[in-house]
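Chain lettering (A, B, C and D) follows the sequence in which the chains are written, and residue indices restart at 1 in each chain.
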Amino acid sequence: MIHLRLTLELNYEVFEPGCDFIFNIHAAHTEQQCVLEEYLNLSQNIAPSVELNRETGSRIMRLHAGAGVLQVRYDATVQLRHHVASPAQIEEVAVAQLPADVLGFLYPSRYCQSDRLYKLAMREFGHLPTGYRRAKAIRDWVESRTTFAQNTSNSNTSAIDTLVATEGVCRDFAHLMIALCRASNIPARFTTGIDYGADPILGPTDFHAYVEAYLGGRWYIFDPSGTAIPMGFVRFGSGRDAADVAFATIFGPVRGSAPIITIQAISNNEGQLIIPYHCAEALSTDG
Amino acid sequence: MIHLRLTLELNYEVFEPGCDFIFNIHAAHTEQQCVLEEYLNLSQNIAPSVELNRETGSRIMRLHAGAGVLQVRYDATVQLRHHVASPAQIEEVAVAQLPADVLGFLYPSRYCQSDRLYKLAMREFGHLPTGYRRAKAIRDWVESRTTFAQNTSNSNTSAIDTLVATEGVCRDFAHLMIALCRASNIPARFTTGIDYGADPILGPTDFHAYVEAYLGGRWYIFDPSGTAIPMGFVRFGSGRDAADVAFATIFGPVRGSAPIITIQAISNNEGQLIIPYHCAEALSTDG
Amino acid sequence: MIHLRLTLELNYEVFEPGCDFIFNIHAAHTEQQCVLEEYLNLSQNIAPSVELNRETGSRIMRLHAGAGVLQVRYDATVQLRHHVASPAQIEEVAVAQLPADVLGFLYPSRYCQSDRLYKLAMREFGHLPTGYRRAKAIRDWVESRTTFAQNTSNSNTSAIDTLVATEGVCRDFAHLMIALCRASNIPARFTTGIDYGADPILGPTDFHAYVEAYLGGRWYIFDPSGTAIPMGFVRFGSGRDAADVAFATIFGPVRGSAPIITIQAISNNEGQLIIPYHCAEALSTDG
Amino acid sequence: MIHLRLTLELNYEVFEPGCDFIFNIHAAHTEQQCVLEEYLNLSQNIAPSVELNRETGSRIMRLHAGAGVLQVRYDATVQLRHHVASPAQIEEVAVAQLPADVLGFLYPSRYCQSDRLYKLAMREFGHLPTGYRRAKAIRDWVESRTTFAQNTSNSNTSAIDTLVATEGVCRDFAHLMIALCRASNIPARFTTGIDYGADPILGPTDFHAYVEAYLGGRWYIFDPSGTAIPMGFVRFGSGRDAADVAFATIFGPVRGSAPIITIQAISNNEGQLIIPYHCAEALSTDG
């Protein structure tokens, strides 16, 4: 059991006449991810509403801020108890056996135009062993053909754009892997959260976007950008793609600054300090 | 209360090694649309699974067909008891007050790239009276700038393609209206079904696609292509766009032929025969 | 020296008020392609204007047809005297040494968005030996990743669409190869004509589109679709892409039917009958 | 006769192994634009080649720079003697009468996808009086639907992107107007140069992009962004779109800084000082 403590600070200047926000910055509740404690502080005296999505465990916070400064601070301690499985034993689920609420993750979405990639997916992955290993092969294909590069993509950039440009950030790697999974009839979704640990190249901890593919009756984690350690992901939201789970969707005139994020591993109840590490097993935090 | 009797026949030739289907051809269950009786016949001896989506009332039927002929025949008698309201009294719902399960219909989707249309929507509709009337203005704008033309679009065609091409079929009109509603912060979804009555120009009854916008706490019907009579729509499925509610999603080698559809108005329990007609009121079959 | 005799028949029904046409159906005049004799017949009594483009040797025929039937028939006997070179000895030309009228073929065009493919071209071809062999490697890459399939593309389809769809017709293969050549700083152009010989799979002789790359001071022929025999190409027009050299650009209401084309090899002046064949040498018909 | 004196300074840091440049920064030679004197200074001891394009009067300068600093300074005094005509008397030229070298400007190009805009152009402009007035109506339509906004577009942005986004810079306005002109069968080209006079809103003089449409046998100037004074344009290059006439196309590793540009009106040979002003007449500097 890994215990992670995270802090998240968002700063906005809200202009007249105020602004509605939809935030996706609460650690999700799943069987494998338990929020031990959490605090939310808002610099304005406003009452947010927080709703739990039962399918994904995500929590959505909505609030209306008045003009002026808005600081949102969220602190949490999260316990991760991963489901761990052996890649070779995880099979794909036939379309006829997929749970109804998983079907939507087979279909194309705004940034994951799987409908245009069937032929390419068939050509590249159609002959491979099925199951977790095929999803892993798709992950590896995406990583090997794409260069991580800041400021090469924007909020319009889609999976097909990334396939062509061969560069992007974690969001773009995730969209391309998702589109190729769906084109291969593997349900896949876009998941956001925070990654453990500062990367020596990419700099400090930041929001992260990664992929979950539905295999063997669970959602397994994949990190196609290869820039983080999947065992250390604290999950916030899951959706069809970045359109669904922006950390902040903003309806009004606002100026924001870069989020300030910290995360650290702490000792668990048994007094053990477990630092997330790269492992060869398949990991899931949502079953 | 309108009573409609419909028949639907789909014919496929399925090749080895067989094929999975996801059908969306059952009349939905909503408070305003009651299925009085229905029959499903399959020419192969197979057991389909039918699931109800509680949020939308849609029913999804999955089955696996073996090689050979597959005929799917669905007959139903449906009672429509529309919620009717006065357009001037239907207001938009603030983002902060939207039900959580409606939020997804604010976001861009595969064929409705609302994220690219904010400026255009602001320019064209930002100054208009809000509420049902603004959604109606969007509907009228789409209809007036788009020509109904068969064989000008395909399954890749998106709202932006239609905005540029200025032509399409009912699916394309719906996608463009949805994208512009979402860009105006009005939740909108894509709904499929069957339209009542043979059109003298467009020919016999067919599958139809139209729009529902979330206003005044309900989903109101809009028909941006202007090719049908909204009062006579029998609803099948609702989703983010055509990706979610294709009448048939097919996973295998198949040859299909054109669906054969009939619909007629019949006398209701009080012995009245009500034929759907164009009306100025706002109609809803999902609250 | 190869002698080819070709006939070409185009049939249109022109509606009121008549129609302007720009045709690109004359065999080009180049040093290596000599038109021994040619006849043009029009079923309407109209005087076409035919202009020679000195840079490419293409001829453009313009005419205005009145309402009614228009038949255009073009017969020609063409002598091909290819420039033949050894692939290993053909070098790329530095940008600074390119003739000024070649520079335009380095830039992106409507269907060849080379500006979006620099990274991909660098990744795939940047490390290869330069010269004809690099262009050949691009040709082979395109052929190996793309399936020839009728009715999968249309007049809007671009190189990037084809890269994603991984299928198309000769026009699409040509656009993709051109875009990748330009992204690799190799000037490339789109050339149309007729290919010798009926293909057992693709059916009778038809219009063909292929690529010329500027290497070693000449334009060398490449056939990325691999569906024809380059030695048997009768060249009509060369341009930046299909936008420039459509065999017919039509400005008015018209209904056309499929062109009727024949081609046969005939004995040359020395009485030899040379049938075009596949060869390993580099061929050029424009220096 | 207007006399303008301009200075242009470009600064680059060139990295190993050096870099090829194609510059388009010489004032063009046309009948109406006479270069009275000009000086070119390069900070490296290299010999550029400068070629004149006889069709457009543009001059292309190519050079190879070694690693280190490269400063390019161009000073010129230019005399403008505009062809001036009355808008109502300028007619469109029938396709059959267009000079052969104008035909290419009817076809779609990389950033001006006129082939996708025929229906929209017909709908919006098909019923208007033809001639200069129709081109002017297209100009006005573009200006009225598009907001000038820095940093909203990039080098991939096309006419269709701008139509959808409804914002951009001078390059984007020009591409959209060109695409709509071609879709209306009016040849149109992209022209670059420098605009006279610092704009109080947009800041100091800069490179400018505008449109020339072929009407009445000449190329007439249009400024769809409405941000400059057409009478004060010093013409550099003309091409199909921005792909053809970038002020600098760079083949190698380089870091550049913003160009430094000055322009001033000076007295002409008769001692008159004429300051460019907005006028209602049609202006042309290329016949």
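To be clear about the criterion, a residue touches a chain if its C-beta (ideal position, glycine included) is under 8 Å from a C-beta of that chain, and two chains touch if they have at least 3 such contacts.
All figures in this text were calculated on a predicted structure; none of them were measured in a lab.
J.: What's the fewest number of moves from subunit B to subunit C, given that each move must go to a chain touching the current one?
T.: Graph distance in the chain contact network comes out at 2.
J.: Please pick, from A-C, C-D or A-B, the pair whose interface repeats that of B-D, with more than half of the contact pairs identical by residue number.
T.: Interface equivalent to B-D: A-C.
J.: Between A-B and A-C, which chain pair is linked by more C-beta pairs in contact?
T.: If we tally the contacting C-beta pairs, A-B comes out ahead.
J.: In angstrom, rounded to a whole number, how far apart do the mean CA points of subunit A and subunit D lie?
T.: Roughly 46 Å separates the two chain centres.
J.: How far is the middle of subunit A from the middle of subunit B, if each middle is the mean of its Cα atoms, in Å?
T.: Result: the chain centres lie 31 Å from each other.
J.: How many angstrom lie between the CA centroids of subunit A and subunit C, rounded to a whole number?
T.: 48
J.: Counting only residues that touch at least two other chains, what does the list for subunit D look like?
T.: Counting only residues that touch two or more other chains, subunit D contributes 116.
J.: Between which chains is there touch?
T.: Inter-chain contacts occur between A-B, A-C, B-D, C-D.
J.: Touching subunit D in the complex: which residues of subunit B?
T.: Where subunit B meets subunit D, its residues are 116-117, 119-120, 123, 145, 147, 160, 163-167.
J.: What residues of subunit B sit close enough to touch subunit A in their complex?
T.: So the residues of subunit B touching subunit A come out as 20, 22, 49, 51, 53, 60, 62-64, 94-96, 100, 103-104, 107-110, 112-113, 115-116, 155-156, 185, 239-240, 243-244, 249, 251.
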